[in-house]
Amino acid sequence: MTWIFDLILLVFMVITALISLHVKDLLSAAMIFGVYSFLMCLLWAGMGAVDVAFTEAAVGAGVSAVFLISTVLRTSRRSSD
Amino acid sequence: MYRIVIFSLLFGIWVVFSGLIDIFHLTLGFIACLFITLISSDFYFTNRSKGLGNRLTEIAKIPGYLLWLLWEIILSNIHILKLALTPGDIKGLDPSLIRVKTDLKTDYGKYILANSITLTPGTITIDIDGDELLIHSISRHTKMGVEEEIMEQKVSNVFEIEDS
Amino acid sequence: MKIIGFITVIITALLLLQAERDFPNWGDPESPASSYRLSQHYITETYHETVVPNMVTAVLADYRGYDTLFETVVIFTAGIAIIGILRVFGGNQAEHKEPQLTKQKPDLILQTTCRLLLPIIQLFALYVVAHGHHSPGGGFQGGVIFGASFILLALCHDLKYAQKWVPERRILNLAGFGVLLYAGFGVAALMFGENFLDYGILTHLLPGSIEEARSHSMLGVEIGVGFTVTAIMFSIYSLLSSNGKMKEGI
Amino acid sequence: MENFFVFAGVAILALMIPIIYRILVGPTAIDRIVAVNVIGTKTTVLLIVIGMLYERVGMFVDFALTYALLNFVGSLAAAKFFDRVNPAKSFSTMKAEEPQE
Amino acid sequence: MIINTICIFLVSCGLIFFIGGAVGIIRFPDFYTRMHAAGKGDTCSMILILTGLSLYILHEPTTANFLVVGKILFIALFIMSTSPTSTHALIKAGFEEGIKMWKREDEKEGQE
């Protein structure tokens, strides 16, 4: 039954990745990357790879967004292309 | 004394987290709680002079307060649901900023009040400045709800018992 | 330029999709990955040899101990590299345009939430490290969560405030201590005349049978990884957010 | 009962669509950050639902706990970003530049 | 059987509140009002869904199940304290950036 979950999550992930590439504002892109990480964690949990999912949860929720945001703060907020 | 209270609190949380009740894991939990108590026990209570009896009545009153809060949250959630599902132009929407004075003294009291206001949909605390709360409200109905100050009385009832 | 990149991505994706058709089915017991001798050994024998219910932890920390040791060293090296690149000593180089702080007022709600939740986050991190044997988790995840608790402290108060707990000097000490703790278990095994990182022999030092000694030394190794990861995560955050000056963060 | 859990999970996933729309359209950066926060809460619930499906709730509840404890760190960092941004490049000027692309 | 019904009822209530939040986040006109729909309709529905699920878990009352339900209660408590915090931080950031509030059309004309 869980193939429904996998399919929907996969579609959402592709959409999120495209949005995060499309957005010019790098702060938004960093946060949207967080959504990508949430969905990735769900996908891994759905496939039964629990250790990987846990790593993704800890890193994606706790530190990666903060690192990206502080990098954006110290460089420039506009993407050049 | 203060540290022992914190330690036992943390140990209770550890047992719920752990789920394995055998000697090895309880020892690990003991060490972990000791470590946390050493490095960050300063965080919990700011006011340590309160008597034990007051604390206990406070703790006994918290679940009642949470249930009341939950009921309020559900009521005002229905309000938001009605607003969101109004077809066409949303008539009930009337955003406004309100300033409310509060009589609460302690930081915890203010914190609980601000979070309860934020949790009931329709009102969000934007800022706390001294004893003044700046609140954004979504419609007339919720605005009246805040100005009646029932919530503040409840909070001061539970969290600000005077030493007698 | 963008179009060339797009075409490359499309072609690579098509090739990968083509290759995917040759894969075995998901969860197929006959697939090479699960019918190979070594994986069979891991799947059937792990519990008898190490008393660890979670296979992944046993494989990572025991059977492939070298791999994890040098992963820890990689994290340590990454931390050193970031400190080397970003850290700025002395204040009087060319005045770089700094983002200005627009307000300085402390926020009561943030600070109270931080005060309430911080010990619980730290306790949860220790729980994750300690229960890597029974449920998913382990040194890396626990270390990241512990580091995130200090990041939360720095976000809610100030970088200076968080540095009371993790001063700059202590970061490198902690990170080095983690790697040394890991390697120390290997060296201890070496001293008793066994191979490097062969924990079974440590039954002379640790209580319990050979299997339990393996399990306990895995716990020690995870704690070492946790120390390193905590220290390096916080140091990356403080360096990135303060532009290498270590004075004021986000 | 299992069918009901599958239905609940798919419903929660379907309710993510409006939020992803808000992320795509969202006129300002803060709108997007709010939407990201909402997706974090939904993920927490969904993880427990997946755990119910696999009948291993004890394991999946740990992930949900991680998200419950750490999800707001990112939002706090983003909110702090606005306290410290360079006044010359502030938010309102950014918005004015946007249509010229 | 009764437990199943209660569980289905609670989870469905939660889903309905989720719908409220999701519709609100699309339809409401400005950032502040969207914040109302987004930040907290979710907290309520999450609590309802978690209550329903934990009732279902308590179906067979063993110690392990009680501890799992304890963890789920902790999740609800943590979200009840973190979600308002992040909502507050974000709306404060928006307020101090000076995002304009949406007003009704007629009131706007009256003011001008």
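Note that the chains are named A, B, C, D and E in the order they appear, and that numbering of residues resets to 1 at the start of each chain.
Here, contacts are C-beta pairs under 8 Å (C-beta built on N, C-alpha and C of every residue); 3 or more make two chains touch, one makes a residue touch a chain.
Please read all numbers here as calculations on a predicted model, not as lab measurements.
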Ask   = How many steps does it take, at the fewest, to get from chain B to chain E if each step moves to a chain that touches the one before?
value = 1
Note = More Cb-Cb contact pairs, comparing C-D against C-E, go to C-D
Key: Most distant chain from chain E by Cα centroid   = C
Chain with minimal offset from the mean of all protein Cα atoms = D
Distance from the mean Cα position of chain E to that of chain C, given in whole angstrom = 32
Query = Just curious, how far off is chain E from chain D if you go by their C-alpha centres, in Å?
reply = 12
Key: Whole-Å gap between the CA centroids of chain A and chain C   = 19
Inquiry  = Can you work out the whole-Å distance between the CA centroids of chain B and chain D?
reply    = 23
Ask   = Considering chain E alone, which of its residues make contact with at least two other chains?
value = 19, 21, 23, 35, 39, 43, 64, 67-68, 71, 74, 78, 81-85, 87-89, 92, 96
Query = Residue numbers in chain D touching 2 or more other chains?
reply = 33, 58-59, 62, 65-66, 69-71, 73, 76-78, 80-81, 83-85
Query = Which residues of chain B are in contact with two or more other chains?
reply = 13, 17, 19, 114-115, 125
Key: Contacting chain pairs - touch in the sense defined above   = A-C, A-D, B-C, B-E, C-D, C-E, D-E
Key: List of chain C residues in touch with chain E within their complex   = 102-103, 107, 109-110, 113, 116-117, 120
List of chain E residues in touch with chain D within their complex = 4, 8, 11, 15, 18-19, 21-23, 25-26, 31, 34-35, 38-39, 42-43, 46, 49-50, 53, 56-57, 64, 67-68, 71-72, 74-75, 78-79, 82-83, 85-87, 89-90, 92-94, 96-99
Inquiry  = Touching residues of chain E toward chain C in the complex: what are they?
reply    = 78, 81-82, 84-85, 88-89, 92, 96
Ask   = Which positions of chain C touch chain D when the two form their complex?
value = 97-103, 110, 117, 120-121, 124, 128, 135-137, 145, 148, 151-152, 155-156, 250
Ask   = Where on chain B does chain E make contact in their complex?
value = 13, 15-17, 19, 21, 70, 73-74, 77, 80-81, 83-85, 90, 93-95, 97, 114-115, 118-122, 124-127, 136, 138
